[in-house]
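Next up, some structures in structure tokens.
In the two complexes that follow, chain A is the common piece, with chain B as its partner first and chain C second.
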Partner chain A sequence: MIRHILYYELKKSLADRWLWIVSIILIATTATGLYEGHRLTEARLNSLEFVRTQEANFYASQLERLKQKEAGEIEIENWWQDPANPLVLSAFGAAGKHVVIEPGPFSVLAAGQSDIFPFYGKVRLTASQPLRDNAFENPIHKLNGKFDLAFVLVWLLPLIVIALGYNLRSSERESGTLSLLQSMPVPVNTVLRAKIIYRYALISIITLSCLFGGLLLFGVPVFSLSGLGLAATVLLYLGFWFLLCYLINLTETSSAVNAVLLFGAWITLLLIVPSLLNTIANALHPVPSRAVWVTERRAIGQEATQKQDELVETYFANHPQEVPEEDIPDYLEIWNARLIRADYVRERQQQAQLAFEQPVQAQKALVNRLKYLSPPMLFQSYLEKLSGNNADRLRNLDHKMMAFQNEWNDFFVTRLQRLEYLTPEDFDQIPSP
Partner chain B sequence: MMQLLLKNELRLYLRDGVLKAVFITMGILFIVSVVTGYHNFEMQQSQHAEATELSRLQWEQQGDKNPHSAAHYGTYAFRPVSVLTVFEPGIQPFTGVSLFLEAHTQNTARYSELEDRNPLARFGELSPTFIFLYLFPLLIIILGCRNLTSERENGTFRMMLAQGVSAGRLLRAKTAGLWLVTALLYLPFIVIGLIALLFTSPGSDTFFRFAVFTLSWFLYFGVFIHLSIFISARLRSSSVAFLSLLGFWMLSTLLMPRLISNISAEWHPVPNAAEFSIAIREDLERGIDGHNPYNVHTAAIRDSVLAAHGVESPDELPFNLGGYMLQIGEEYEKMVYDYHLARIAGLHDKQIGVYLATSVFSPSTLARQLSMKAAGTDLQADRDFYHAAEAYRLELVRELNEHLKVHAVGDQNFGFTAGYDFYKTNPTFQYDSPPLHFSGSGMASLLALQLIWLIGSFLPINLSSVYRNMQQGGTAS
Partner chain C sequence: MLEANSLTKIYSGFTALSDLSLQVNEGEIYCLLGANGAGKSTTINLFLNFIEADSGTAYVNGLNVSEKPVESKKHITYIPENLSLYKNLSGLENLAFFCGLSGMKLDDAALRETLTAAGLQPDAADKKAGQYSKGMRQKVGIALAMARNTKVLLLDEPTSGLDPAASNEFAELLRKMRDQGAAVLMATHDLFRAKETGNKIGIMSNGKLVEEQPTSSLTHQQLERLYLSHLAN
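For the complex of A and B:
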């Protein structure tokens, strides 16, 4: 019997306009979303390519100069121009290496937080910092958000479900065919269920083909565990909204009331609940302004400057200088002090950062629990994570930079303090993140 | 007759259970948003005041050092917090709160609030603007969509016609009724807002801004009032009318703003940070470098200064050449930065131009821009702060270079330092956001566009085809 109903539904929908309208809407919005995701990912890849080229050019040109110097082809006048000097290769000018968070394979799926967090940073001996491509992005764009695939899936898809499923039973009643249906040997509920299942299957097929077709087109590895997870989550999300439609259809209300109720659920779950949860989370765990933190960091810097002599003395008591005092050039003395101070500041600032981040983490943990109250929030969070543009992954840049900083300093600082100049062979040993 | 119709309209609205429920929910959300927003505002304000004070102390007590080292040490400017952010946070959560001011460089503001918020904060932030932008139009749609369709569906329209009510008069009464009830519903929100404002003893400009803010949203509501009446007069079924209006709401509030962001970013791309800094570095290398005596341009200026004073060596000059050169370098650097930053500001303006050009599709983007402008949380306000801080930076650095130039002369030159006595006399950064002006701020054109929307949406209600459609619908039912 179910088969019969499904067959008639299929015949009906092929003759009807809605199937085509829904397909066109889904194709158009998916294409728009994909294109935006692609544009953003490309822009990031271009940035990374650009800085990597700059970085490679710098080290190649220094190596070239070093070879020329060794061959006696050029003469070096000042220490800061010497391509063999560890400081020249690690501390200033174009020196330093970029630590990056590459766009993930599913990056086109969601812009996520990629317009807020930096995705690459330069590590140097002292002045390491993340670079902010997004600093120049129009804040109004950030405010409005992006029309990406995640937006299509999380926000628009439920509306299509609602439009297709809000009046399955009420329309029968309103057009007078309900009593006809009731007189049939099949229970009305079975028909209703079949109709819902038919629509669920149809929308799932259209959505997944648009989505995966588009992703394949942009070279996303969809035939993977992540791809399977994405398909399953989309099906679950669609299922949630169809279930809601089914439940509303069980009531004896009119089509108009059904539409209002379902749309009300959409508004509640997508707009009201998230913003309310957000507000509650922020009220319970208010994040202090970075203004205070900035001055705290500065106080640490100031303290380090005041304690500089003491710090240097302690350092060299533990790390006796291997170069005789009289051979130490002025610049090295200055840089030694600077590096020791920077080490101290880094360590203290890390502690301050941890203290500052406590409410940040608390707020995040709370919302992580609360997001289960709203399937759209859950879905969005899943999509962001899958895209690799989620806050957690991007925030990790700090840690990656910190780890590489140690590696970088280990390589250069010891050489610098021993006044060990680099040879062309050493260039291969320069650490890369 | 009109009075009677209007009275009837209002009575119908007041007896509507759905309206009461939706209104109470919105009222609660509004109160929650104002209370939490106000709490945030107070916290931020006190923290920024504390940070500003601390930062100044750090400047004054930075110890004895060369004034130019002090210029490198730099100081911070913190973005001021206005009570109006409670109502309209605008772009502020997305822009940095602290701006580092130092010699040679114009930094961008760092550390936006959003970086430290939970990852789902961008789903939406409860604020009065959020309620006015998304929820209030929905309330109007729910009220308005079945306004006329229901009269036809219930057959009451025929009765009215029989009693001598013309379609035109009914339509006018319905429109006036919806305006009136919207105004009545909006009033408590304004009153609560005003009460919250009064807690901060605001200046007259704040009140004026608040008035423009409330007015701009009221104009926005008007568009939805007119469209609801028009659609419900034009279409026969309440649910079709409701769905059409929802479609428009979706397009205006959710789809268009995002779509326009995509388009304007695609049409007017901004450079990335690395490209930007390299472009600046290249231009800086072409000019004067106050630090580097080997720089060709620096050497040329030095020689010309020496020649003008008829001396052989910088030590014989009546002033410190270093301080002089640093200031010239600073002015050149400023020129380079100004040029490149203006390029980016120009791109942003073009992007905003795309928003204005496409506002025919979305009264929401217009209303949002108006409201941000009124609250002083738009891009222009951000720029104004930035320019004030930059002017301060330039003045501070100039004073430091001047001190070096005047005092580090002769035997004072070597190892010259300045201390607390000098640093405490340096200017402090004080910023008051400028009062709201209609001219030159783009405010007038935004208002004009919003009025065009309002009047443009009113015109179709008066089309004769609408009356005819109503008459036919009326007699058919």
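For the complex of A and C:
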């Protein structure tokens, strides 16, 4: 019976315009989403390539100069130009190495938080900081969000489902065929179920074809466990909206009422629930303002500058083995003080940051628990995680930079304190993230 | 074939049908007459189990329709006042679809033959139903009854809005179905067609069956007077 109804649904839809309209909308929006995701990923990759090339060029040129120096081909007049000096290779000019968060293989899927969080940062001896390409972007663009695949799948796809499924029963009534249908020896709900199944299958096929075809075109490894997970999740999400349509159709209300109810559900699940969760999370775990954070960071810096002499004194009192010899150059004395100050500032700022991070983590934990209230939120967070552009992964840049900072300092600070110049062979030992 | 036992239906205090009992046998056309709101359509809807009776029982081929709705519908073809078909499908496809819902698989040739037997022009079978006139759609309804070989026809003002020629053609088809043993219950305002086509008439007023007569015992004038007298009451 179901097969019979499915066959005639196919015939009806082939003779109707909606199938073609829906297909065109899905293809156009998916293509736009893919293009946008690809553009953003390419921009990130280009940025990373640029900074890596600069980095490689810098160390290659320093190595070349060092070799020339050792061969007596050039003479270095000033210490700050000496490519063997640890300071020149770790803290000056273009020195330093970049810690990056690479775009994941499914990065084209969702821009996620990549337009908010930095995805690379430079580690140097005293001044490490995350860098952002997006600082000059019009904030309105951030407000509207990106027209990426996640937007198409999470926001637009339900509207297409609603458009196709809001009036399955009521349209039969309004066109007069319901009475004939009801007089048949088959429950109307069986017909309704078949119609829903048909639309579900049709939209699933069109969506997955567009999605996977596009992803394949951009070289995304869709024939993988992640690809399978993506397909399953898209099917589940579509299934959720079609189920909602089916339940609304059971209410036997008019097409207009069905449309209002379903659109209401769309607004509630996509806009109201997430906003409400954010409000609740903010109320329960308020985060101090960014202005407070910036002021505190500055205060720590100023405090460190004011008591720099005291810091140096205390440091060497606690680390007598590191006390420099009397005849060290002046610049080294200055840099020793700078490093001690930088260590102090970093440690204090990390402690201060905890006070800001704790409520953020508490908010995140709460939203993570409550996101099950909204399937769109769940789906969005799944897509962001799959794309690798979720907040957790991007936030990890800070931790990666901190870890690499220690490695960088371990390598250079000892050499600096001993004024141990680097040889061309040492260049291979310079740490990389 | 069709039997109503003391059927009563009340909508929010309004009695749409009160203690209605009637019987339609095989090879019989029973015409239900009455003003708008007299209870004709309610009676048909009860036989179709579209609505539940507050009391009483409706039987189709011996099956209690509220207990066995799906089973009983296997014996019924329903033609409403304005039979609607799927506009994007042809008459042939519509017929095939509804036959399929009844569990009947007929090939194209058999379906075409049935449509022609129901009076549809052969070249109309492949036209989209959206282009059909009301008369053509009613013929598809009759073809559906023929194809499904149902023994019960429930017709709710099927000739209303049809031109006299189409109405006459429709009446011919009904007589043909009756002669093949069908039991037909037809709600109508058309006294002339009821007298010409029916074997029995029942006049309804305020939800009650107030008169039941074989059509052979009445002339057209007598039927009209009888009908108007009940309408006045």
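Note that in this section the second predicted complex is superposed on the first by the 409 of 433 C-alpha atoms of A that agree within 3 Å, B and C clash if a C-alpha of one lies under 4 Å from a C-alpha of the other, contacts with A are read in each partner's own complex, and residues count from 1 in each chain.
Rule of thumb we're sticking to: contacts are C-beta pairs under 8 Å (C-beta built on N, C-alpha and C of every residue); 3 or more make two chains touch, one makes a residue touch a chain.
This one's a predicted model, so the numbers in the text were calculated from it and none came from an experiment.
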*What's your read, chain B or chain C touching more residues of chain A?*
B
*Is A:P286 touching the first partner chain B, the second partner chain C, both, or neither of them?*
first
*Regarding the shared-chain residue A:Q351, is it in contact with chain B (first), chain C (second), both, or neither?*
neither
*After lining up the shared chain so the two structures overlap, which partner does A:K11 touch, if you call chain B first and chain C second: first, second, both or neither?*
second
*Now for A:K371: first (chain B), second (chain C), both, or neither, which partner does it touch?*
first
_If we overlay the two complexes on their shared chain A, which of chain B and chain C does A:L159 touch? Say first, second, both or neither._
first
*Identify the partner contact of A:N396: answer first if only chain B is touched, second if only chain C is, both if each is, neither if none is.*
neither
_Per the definitions at the top, what is the overlap between the chain A residues touching chain B and those touching chain C?_
none
*Which of the residues in chain B come into contact with chain A in the complex?*
18, 29, 32-33, 36, 39-40, 43-44, 47-48, 50-52, 54-55, 58, 62-63, 76, 78, 90-91, 94-95, 97-98, 108, 110-126, 130, 134-135, 138, 142, 146, 238-239, 242-243, 246, 250, 254-255, 257-262, 264-266, 269-278, 344, 347-348, 351-352, 355, 365, 379, 382
_Give the list of chain A residues in touch with chain B in this complex._
32, 35-36, 39, 43, 46-47, 50-51, 54, 113, 116-117, 131-133, 135-147, 151, 155, 159, 163, 167, 254-256, 259-260, 263, 267, 270-272, 274-279, 281-283, 286-295, 298-299, 302, 305-306, 357, 360, 363-364, 366-368, 371, 376-377, 380-381, 384, 390-392
*Could you please specify the touching residues of chain C with respect to chain A in the complex?*
48, 50, 70-71, 73-74, 76-78, 80, 82-89, 93, 96-98, 100-103, 128, 141, 154
_Residues of chain A defined as touching chain C within the complex_ = 1, 4-5, 8, 11-12, 15-16, 175-177, 179-187, 191
